[in-house]
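In the two complexes that follow, subunit A is the common piece, with subunit B as its partner first and subunit C second.
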Partner chain A sequence: MFIHHNKCISPQQTFEKTDWEVLHESVENKLKAIEPSYEGIPPGVLRRMGKAVRMGVGCALPVLQGVQADGIIIGTANGGMEDCIKFLNQIIDYEEGMLTPGNFVQSTPNVIAAQLGLMTRNKRYNITHVHRGLAFENAMLDASMMLHENPQAVYLLGAVDEISAYNYNIDHLNGWYKKEPVKSRNLYSSITEGSLAGEGAVMFTVSNQETNAVAKVKGFDTLHTTNEHTVKEALAAFLKKHLHADEKPGIFFTGENGDNRMLKYYSAAESVFDEATTIARFKHMSGEFETASAMALWLACNLPDRLPAHCIKKEGAANSAGNIIIYNNYKGVQHAFICVQKPVNNKE
Partner chain B sequence: MEITEKEQLKQQLKQQIIQFLNLTNVKPEDIKDDQPLFGEGLGLDSIDSIELIVLLSREYGITIQDPKEGRKVLVDINTMVDYIIQHRTK
Partner chain C sequence: MSILVTGIGIISAIGNNVNENRTSLINKASGITTLSLFNSRYAGLRPCGEIKIETTALKNRLNAFEKGVTRSSLLALHAFDEAVADAKLSLSQLQHPRTALIGASTVGGMCLTDELYHDANKTEDGSEYLSSYDCASVNLYLQERYKTGGIVNTINTACSSSANAIIYGARLLKQGYADIAIVGGTDSLAKFTINGFNALHILSPDPCTPFDRDRKGLNLGEAAAFLVLEKEENTKGKTVYAKIAGYGNSNDAFHPSSLSDAGDGPYLAMQQALSEAGLHPGSISYINAHGTATENNDAVESEAMLRLFGEVPDFASTKGYTGHTLGAAGAVEAVYSVLSLFYQEVYPNLNFQQPIENKELIPVPEYKKKSLRHVMSNSFGFGGNCSSLIFSTV
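On to the complex of A and B.
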């Protein structure tokens, strides 16, 4: 599967002009997305959209410009949760009486894919995957299966999740976010439980066409486990499957998130690689959210020749060229590996 | 109702419409009293008409059940305010 057009709305400057050196810091343990002006969305439509829908649609429209996608495949754990809670609160506040339709219409997870279908008049395959921390990987699996069945097709593949007050509070009480104030630049030196909340939207067009592709997804795999040794074995098997015996990954990009309970998984995974491979991290840029691995894939596609210093945990001999392995886990249960090759040798 | 009270009600209704419909780029003074709410005027659509009916119910205790009546009421600020003055229960 080859990646072509791509866009990312994130807590960093990634949408219009990517600036790798300027790191936008977390505020009150949240890394909130830097939203663009959404010029492609009519004001009458934009005013009804919640943040997740806004980010997803606003990120996808420029990617779809000039592309007749054969399908829209989105991964999101929660979709527009903020609107969903507004609607549920209305039910209580107005004693199940007359409710406004706007929040309800915007609150279901498949609104992003549906809005994109409506706005681009795309009546083809339209689906949303909602598998929590593996929502994006399941969307990617769907896209790769669709490309297997329809080799000439082009699909929009994307992921969106927002920080909603409801989800943040529940996960904060559950210990998934830091209790003490921690700045994103100090995330990895924090030795306590929890991470920083994050959000964003990432969109790609994917196809089997190698020409002009920015990267190739050579393979990906997911597993559910709480055992770090199982993660290590699965990663070793994954590398063996997707890389030749003499191929060394240039970069191992991990979802290390400053939560001391997750370190055992990332340490076990890092031990699979030797000195040649650079170990890099991205959650200080994205924060923790269910579809953060989509941002890791976008970063892998767009990494500059020299990795920004703030991403590097351990420098190896390689730079961003070659194979990049992404490993992310969500809440120590849902694990995913992605093998990305770049630059792609374009065949004209 | 005195003129000043009616003017106050118009102002209040404009603010409520902006809030209910999330018209973030519109100020109360941008909405003229005789400007059509739908189509070429303020540019509202069918979903907004339901939001306005909910607004009348929640804020003024008015229930509009007949769609024909709704079409006569939801024309502009003047028609809405006249209807509110005649039918409000709170």
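On to the complex of A and C.
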């Protein structure tokens, strides 16, 4: 599967004039997305959109410009959580009284894919995967199967999740965010439980066409386990499957997130690599959210010639990126590996 | 390669297992009643397809005492267990890396509307359900309980969610990502959906009347259903209910909560399912229609069927029995379609009196035995998400 057009709305400068060196910091333990002005969306339509829908649609429309996609495949754990809870609050606050259905209609997670179908008049394949920390990977598997079934096709593949006051509260109560104030630049030196909240939207067009592709996804795999040894074995098997014996990945890009309970998984995974491979991290840029791995994939597609120092955990000996291996885990249960190859002399 | 159905499980307002559901379908016994277990101000005003087993009783019955398990998950577990037992899958087969679990839900743990309200708006003193509200919580619970070993996914395309879970599972098998796929969906009644559909003025004050001229809207229902899918070569000696012959997915791309008059989404989904199955419209013996009994759906679905089939085959909606079970509906009706094929019988549409003007379509009024070869099952959802499945005899 090859990645062509791509856009990312994130807490960092990724949407317009990408700059990896300037690091935008977390505020009150949240890394909020830097939203663009969404020029392609009529103001009346924009006003009615919740943040997740706005980010998803606003990120996808430029990616779809000039492309007649054969399907829209979105991964999102929650879709528009904000609208969902607004409607819920109406139910309770007005004791199931007279309610307006707007928030209800906007609250279903399939709204982003649906809105994109509506706005681009796309009547083809349309689906939303919501499997929490593997919502994006399942969307990617879907896209990859669709490309196998329809080799000439082009699909929109994307992921969106938002920080709302509500999902922040729920995950905070559950111990998934830091209780003490932590700055994103110090995320990895924190030794407590929890991470920083993050959000974003990432959109790609994918096809089987190698020409002008920004990257090739050579393979990916998912698993559900709480055992770090199982993760390590699965990663070793994954590398064996997708790389030649003498091929050393240039970069191992991990979702380490400052939560001391997750470190054992990342340490176990890192131990699979030798000194050739640079170990790098991205959650200080994205924050933690269910579809953060989509942002890792976008970053891998758009790597600068030199990886910024703030991403590097351990510098490797290999001097070119070559294959990039992404490993992310969500809440110590849902794990995913992605193998990405950047074509060296094949840029647009 | 043929993808076969080797196990089925279901719990709905018309029965706690496959046999009870079939008996109710044959006897025209509706499960639409006044709400008695579910607490809502609409309890006396909006009849629903309620499963008359309290949540604590479900937990006891299923021996499911893990922390934070919701009614949606319990219903799913109930149907999952039946389907797995029916297909005679062992625990080691469930745990095999090539056994996939693909579920769907639209309500997930939001059935606990009051708990969610509390947890979402407070900063201390969380409930036991903090990890249970999202749609994925159901399949993560099933995965954790049985340590299923293969791909796990959750799909949400509103009211067509579990039809898409079935399609995804079938495609995983076809492309070699799994040898067994357990596919289905669940949704329980929730203040969230009752109030949502009520605010849209599409909840009927009476038992719903699919495809009737004077229909007043839908009844909500709760249910879960799962199917076990296996590749033909692995099914020797097993009971095989049917084959998944085709499927289609299309977006109507018209409006967030209603379908276009011409019904392009439904039309394209059905057409694609036929083409995937390599069938012409005339070969469909029976359609389990989406038939929610809303003004919009039934008119549009009729139009799309007329456009595609010209002469519309026998069709019926089973929503008059179960209510609209949202994310579970696709799987519930897939089970009914599979039963139709297996027993060569057609289940009637309830409460029909007069056909819709200008469509003049009359759904099957009485139970009948019929020679069936290919059965189509439709599921359409908010956001224009339309899917259609075709099951065939083996």
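By definition in this document, the second predicted complex is superposed on the first by the 341 of 348 C-alpha atoms of A that agree within 3 Å, B and C clash if a C-alpha of one lies under 4 Å from a C-alpha of the other, contacts with A are read in each partner's own complex, and residues count from 1 in each chain.
The criterion applied here is as follows: a residue touches a chain if its C-beta (ideal position, glycine included) is under 8 Å from a C-beta of that chain, and two chains touch if they have at least 3 such contacts.
Just so we're clear, the structure is a prediction, and the values are computed from it rather than from any experiment.
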item	value
Between subunit B and subunit C, more extensive residue contact with subunit A	C
Partner chain in contact with A:114 - subunit B first, subunit C second, else both or neither	second
Partner chain in contact with A:188 - subunit B first, subunit C second, else both or neither	neither
First (subunit B), second (subunit C), both or neither touched by A:44	first
Which superposed partner A:105 touches (first subunit B, second subunit C, both, neither)	both
On subunit A, the residue positions that both subunit B and subunit C contact, one per complex	98-101, 105
Subunit A residues touching subunit B - in the complex, by the definition given at the top	43-44, 47-48, 94, 97-102, 105
For the subunit B and subunit A complex, residues of the former touching the latter	20-25, 43, 45, 47, 50-51, 53-54, 57-58
Touching residues (chain side subunit C, partner subunit A) in the complex	40-42, 106, 110, 113-114, 116-117, 119-126, 130-131, 133-137, 139-140, 143-144, 148, 151-158, 164, 168, 171-172, 175, 177, 191-192, 194-196, 198-200, 249-257, 264-265, 268, 381-385
In the complex, subunit A residues that touch subunit C	72, 77-79, 84-85, 87-92, 95-96, 98-101, 104-111, 113-115, 117-118, 120-132, 134-135, 138, 141-142, 145, 148-149, 165-167, 169-174, 222, 224, 333-334
